[in-house]
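See below for the structure under consideration.
Letters A, B, C and D name the chains as they come in the text, with residue numbers starting at 1 for each one.
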Amino acid sequence: MVGLGRMGANLVRRLMRDGHRCVVYDRSTDAIRSLTDEGATGAGSLSDFVAKLEKPRAVWLMLPAAVVDSTLDELAGLLDAGDTVIDGGNSYYRDDITRAKRLQERNIHYVDCGTSGGVWGLERGYCLMIGGETEVVQRLDPIFKTIAPGQGSAEPTPSRTRTDGTAPDGYLHCGPSGAGHFVKMVHNGVEYGMMAAIAEGLSIIKHANAGTVDRTVDAETTPLRDPWAYQYTIDVAEVAEVWRRGSVIGSWLVDLTADALARSPELDEFTGRVSDSGEGRWTVLAAVDEGVPASVITTALFERFESRQLGGFTDRVMSAMRSEFGGHAEKK
Amino acid sequence: MVGLGRMGANLVRRLMRDGHRCVVYDRSTDAIRSLTDEGATGAGSLSDFVAKLEKPRAVWLMLPAAVVDSTLDELAGLLDAGDTVIDGGNSYYRDDITRAKRLQERNIHYVDCGTSGGVWGLERGYCLMIGGETEVVQRLDPIFKTIAPGQGSAEPTPSRTRTDGTAPDGYLHCGPSGAGHFVKMVHNGVEYGMMAAIAEGLSIIKHANAGTVDRTVDAETTPLRDPWAYQYTIDVAEVAEVWRRGSVIGSWLVDLTADALARSPELDEFTGRVSDSGEGRWTVLAAVDEGVPASVITTALFERFESRQLGGFTDRVMSAMRSEFGGHAEKK
Amino acid sequence: MVGLGRMGANLVRRLMRDGHRCVVYDRSTDAIRSLTDEGATGAGSLSDFVAKLEKPRAVWLMLPAAVVDSTLDELAGLLDAGDTVIDGGNSYYRDDITRAKRLQERNIHYVDCGTSGGVWGLERGYCLMIGGETEVVQRLDPIFKTIAPGQGSAEPTPSRTRTDGTAPDGYLHCGPSGAGHFVKMVHNGVEYGMMAAIAEGLSIIKHANAGTVDRTVDAETTPLRDPWAYQYTIDVAEVAEVWRRGSVIGSWLVDLTADALARSPELDEFTGRVSDSGEGRWTVLAAVDEGVPASVITTALFERFESRQLGGFTDRVMSAMRSEFGGHAEKK
Amino acid sequence: MVGLGRMGANLVRRLMRDGHRCVVYDRSTDAIRSLTDEGATGAGSLSDFVAKLEKPRAVWLMLPAAVVDSTLDELAGLLDAGDTVIDGGNSYYRDDITRAKRLQERNIHYVDCGTSGGVWGLERGYCLMIGGETEVVQRLDPIFKTIAPGQGSAEPTPSRTRTDGTAPDGYLHCGPSGAGHFVKMVHNGVEYGMMAAIAEGLSIIKHANAGTVDRTVDAETTPLRDPWAYQYTIDVAEVAEVWRRGSVIGSWLVDLTADALARSPELDEFTGRVSDSGEGRWTVLAAVDEGVPASVITTALFERFESRQLGGFTDRVMSAMRSEFGGHAEKK
């Protein structure tokens, strides 16, 4: 394992718990030490790391996207034909295609592995979406099986009749190079959409008291025609809690939302600036290229942009037009 | 129980399993008979139904929205002060406010109860979102407790410290009249958004083979610039299956999607005309009234409209403009 | 004319220029005086106003939506059978239907007249969208003809073969009560969409320098993959100016945008808080009721909501989820 | 001029009318002949074409995007240092950057020129958005000035104080290579948004009779709560006509819509399959890369996708979910 951040370290722990032997490397010696204390073999450098692995080697990278390529370049000079590099981070799937080709020239294999599970994966297991050559992926099967949640983590799908395949274990070989990160990318796009749907819904419920709040009365403010219909003060945290059981929208995201609201009903510790780290954007680009209308996922992406006030010039142009044609002054 | 359709009948079964005695009525004698066979008390008419209930009566209506008001009118003449009517269907929450007022004149109580769980509720239990007077809702607690899924149906929310409240059992008194259906309405809006996000994502994955498909080459068709990046043929059913375990988007809707795709990978038995039955529309109306931007939920609603080709005139106007300014003929 | 704000006063001026005699009333005596100085007949009270009009009277209201009903109530007691009230403001069309019925009981006619043209209408004329009884609207034709821009204000529509109808003059009897404000309401919805499209486009052009700007490098920030493709510093004001001539998007809104940008290229005097005054919301409600997918108009409305940061709780819920599942801290 | 389709031929005509001498080439000899009949010099081949031009040559390409590169390759071998190629078609701006570099190696200049005006440009003039080296663009100024609409085509912008610049003539040097097509690309994105806004609005007006139409009464159909509010049968063609004068949304697109509706009020000759030819997609990609929320433009793009039923699999997945959780059968 190269890269011992939260995700990398927990992957190592989950592997060791199941009896795998792991060599670990990171630029931080503290990160290394905390895992060697738990039984891992530490390495002092990338070449030391490579030397300590048995052939054919399997090197799992869990690195920020920005340093994957430089690490790969260095590794390429250290590894031997037949070795495999697994990129478990959030790379753009197109980079996987390029990298696999480049490493193939040295007969080094490259596997891309989208890894979902967040900070909870150590206990729950990680959902793995894998791309690469079939034989190579099969050889690594024991690793993936350990990391994934396993069949017991959910009821079997009633209509599933095929008995082959690893999807019920929580990992899937999706196709050739890039296919794993492609599916993971779209997974995150779906995540954006689901998060926004839940958040919007809770917001509508929170504002069900709109009729009890004084509205400014002026030409720039739409009056609420039916204040009697918005007289509710609803406990949003309890709504999230009740939706966890038996409802159609039951989901891990609702579970987590209930947890966050249980701790902090107003979520005042957040400013609401929602980052996006690439996969949502790439999902939209793919949808546009493919000609697939992905209105909800795209809307969720732009909602994040708006949360960071990236539409400022757009808004000022609109205010300027209103001023021009109607003499409307902006409200303060 | 008045109304013994799929939902009504299963509610009765779930109640009887837990020892409640139920009187049942429906316009269909077959529907009544099948439940009396299972131990319910049948009624031959609405007045017979009322006569067979012990006071203070609790009458649960599980009827199509269109016939609730006429049934309520008839019931109002039969019930006594102190009785309660529960509307468990999908009424518009504003109707609840009106109805509760009307019944209150006769000292009859009215409780609105949004019921989520679909055809699976008999086994899983139903998530209940309840509106009405506190004392009345409390008196009916044993009924709600039986119908709801119960605490065992999900892990406790770690950060939840309060020990009162019924939300962990899967039912919640949300507020005065209409509050239950308000929360249920928004629940369905969230459902629309989540469904659309999942469906769009799977569609983007299905079309990851866009680079392998011949595109028409003409001025009206955007060429795909990077066909090499869309060469994947991904098993969408297996993707849905793998997302069920350990992923951030794990949810009951993904479970159901995996089930449907396991049976029918192309879903050819569907035409893709997606109905909407009101709650999504009402959620949008509420968001607009409240001034809450609900972009994702609204987009999901309009996606359903588009699936039924309701935008036909809009589209023809756009084609007409393109013909006017550019001489563009429509593609067949 | 009752109500001598910007719009009301200019309507009077436009009417007087064309030889109409006008009685004017407003709560502000200054507003009255400035028009009597220009030749109008002033009134000291609403009853004085009514007394000074010849029968059958035509009373044009140009009032904030909030005071229309109280003024109508007062007027109803002063007017005689056969008189007509015209509401030229931005009333909700459903109110027109109610008001017309109420006045009809006294044989007073009610005409709703959507008036578009903003502060420029005095010179350009106003586009009028009219609802009410056919005979009444026809009787008022000389008034509408004067206020509207007239045929000379645009080239004739080449394919228009019908020679009847007033639409080429810039005013149209759209149908019975409410039809005028209905069409005006949708007009404003279209306006929202067009404004947003122009503003977004100019914003994309302004940010064509994205590749020249330093981006934070961290896991929460999507890197720009092709900075070489975003190296443009484009003069947005000149782009708006060039789009005014010969382009497909040539429009009055582009004209006005060019004017605003010519004065202030950065539009720094605006904060970008874009108000909405009701018509956009009502357009969305109508689309939802009708089952017409109005994605663009609705998106434009929500973009205005976002410009006023109305999505704050939604955004905080999303941040909270990201913190829960991924340990992501918000960026400052 | 290479490429004598509708646009290319009309550009030649407009140039000749103003005294420019033009050499023309096309693969179709008919296309050549019809212009030589009007005074142009015809060429039998690309080399003949180049031979007939005076140095420094200015070669304007008006070709489908798919053949621009091959034509450029051939031209590169025929032209001399100091010559200029102008691409007036709808190329992707990134291709301009690549092409300009390639030609620069031979000291051949490359100018990209986005051309808006459609089939009306011969009379109205074309709006030109130009990218390339400043000196080269200035040398070609007489050509651009002739093609553009000129200052008389619109009233001057009141607040514009600068007296330099060609934007008021309807052409603009936007920046280095690609800047012209970048601005044209966004122009088309804006066009998509404006078209959709107008079309949606007219559709909402057309369906203002929703309350007069029988709706199916079943659980899958949302009832219309207020049929009394949707009793209007409004003449959509006349609405488009009246919006042409004095309204805030007055625009060339409204003019054209009025024309189309005057000919064919139902637009039955169109099926509503709205093509998109690339610029809209590229605008969305740019917005996503820049991090600019372009919700309205993107929504308009996806609306076109939906008009061509590209969301079929998405919709079937949603129908499958509804069937799974609720037993809902699709409506026929």
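Definition applied: contacts are C-beta pairs under 8 Å (C-beta built on N, C-alpha and C of every residue); 3 or more make two chains touch, one makes a residue touch a chain.
Keep in mind the model is a prediction, meaning the values are calculated, not measured.
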{"item": "Contact-richer chain pair (by C-beta pairs counted) among B-D and B-C", "value": "B-D"}
{"item": "Intercentroid distance (Cα basis), chain D paired with chain B, Å", "value": "43"}
{"item": "CA centroid of chain C to CA centroid of chain D, Å", "value": "28"}
{"item": "Centre-of-Cα separation between chain C and chain B, whole angstrom", "value": "38"}
{"item": "Touching two or more other chains - residue numbers and ranges from chain A", "value": "118, 196, 198, 200, 203, 207, 222, 225, 248, 252-253, 259-260, 281, 289, 291-295, 299, 302-303, 306, 311, 314, 325-326"}
{"item": "Chain contact topology (line, ring, star, complete or other)", "value": "complete"}
{"item": "Complex contact set, residues of chain A against chain D", "value": "248, 281, 284-285, 288-289, 291-295, 298-299, 301-302, 305-306, 310-311, 314, 325-326"}
{"item": "Chain B - residues contacting chain D, complex", "value": "6, 64-66, 92, 118-120, 195-196, 198-200, 202-203, 206-207, 217, 219-223, 225, 252-253, 256-257, 259-261, 264, 267-268, 270-278, 281, 295, 299, 303-304, 306-307, 309, 311-328, 330-332"}
{"item": "Chain C to chain D touching residues, read off their complex", "value": "93-94, 97, 116-118, 121, 124-129, 148-150, 153-155, 157-162, 165-172, 174-176, 178-179, 182-183, 186-194, 196-198, 200-201, 203-205, 207-208, 210, 222, 224-226, 228-235, 238-239, 241-255, 258-260, 262-263, 283, 286-287, 289-297, 299-300, 302-303, 306"}
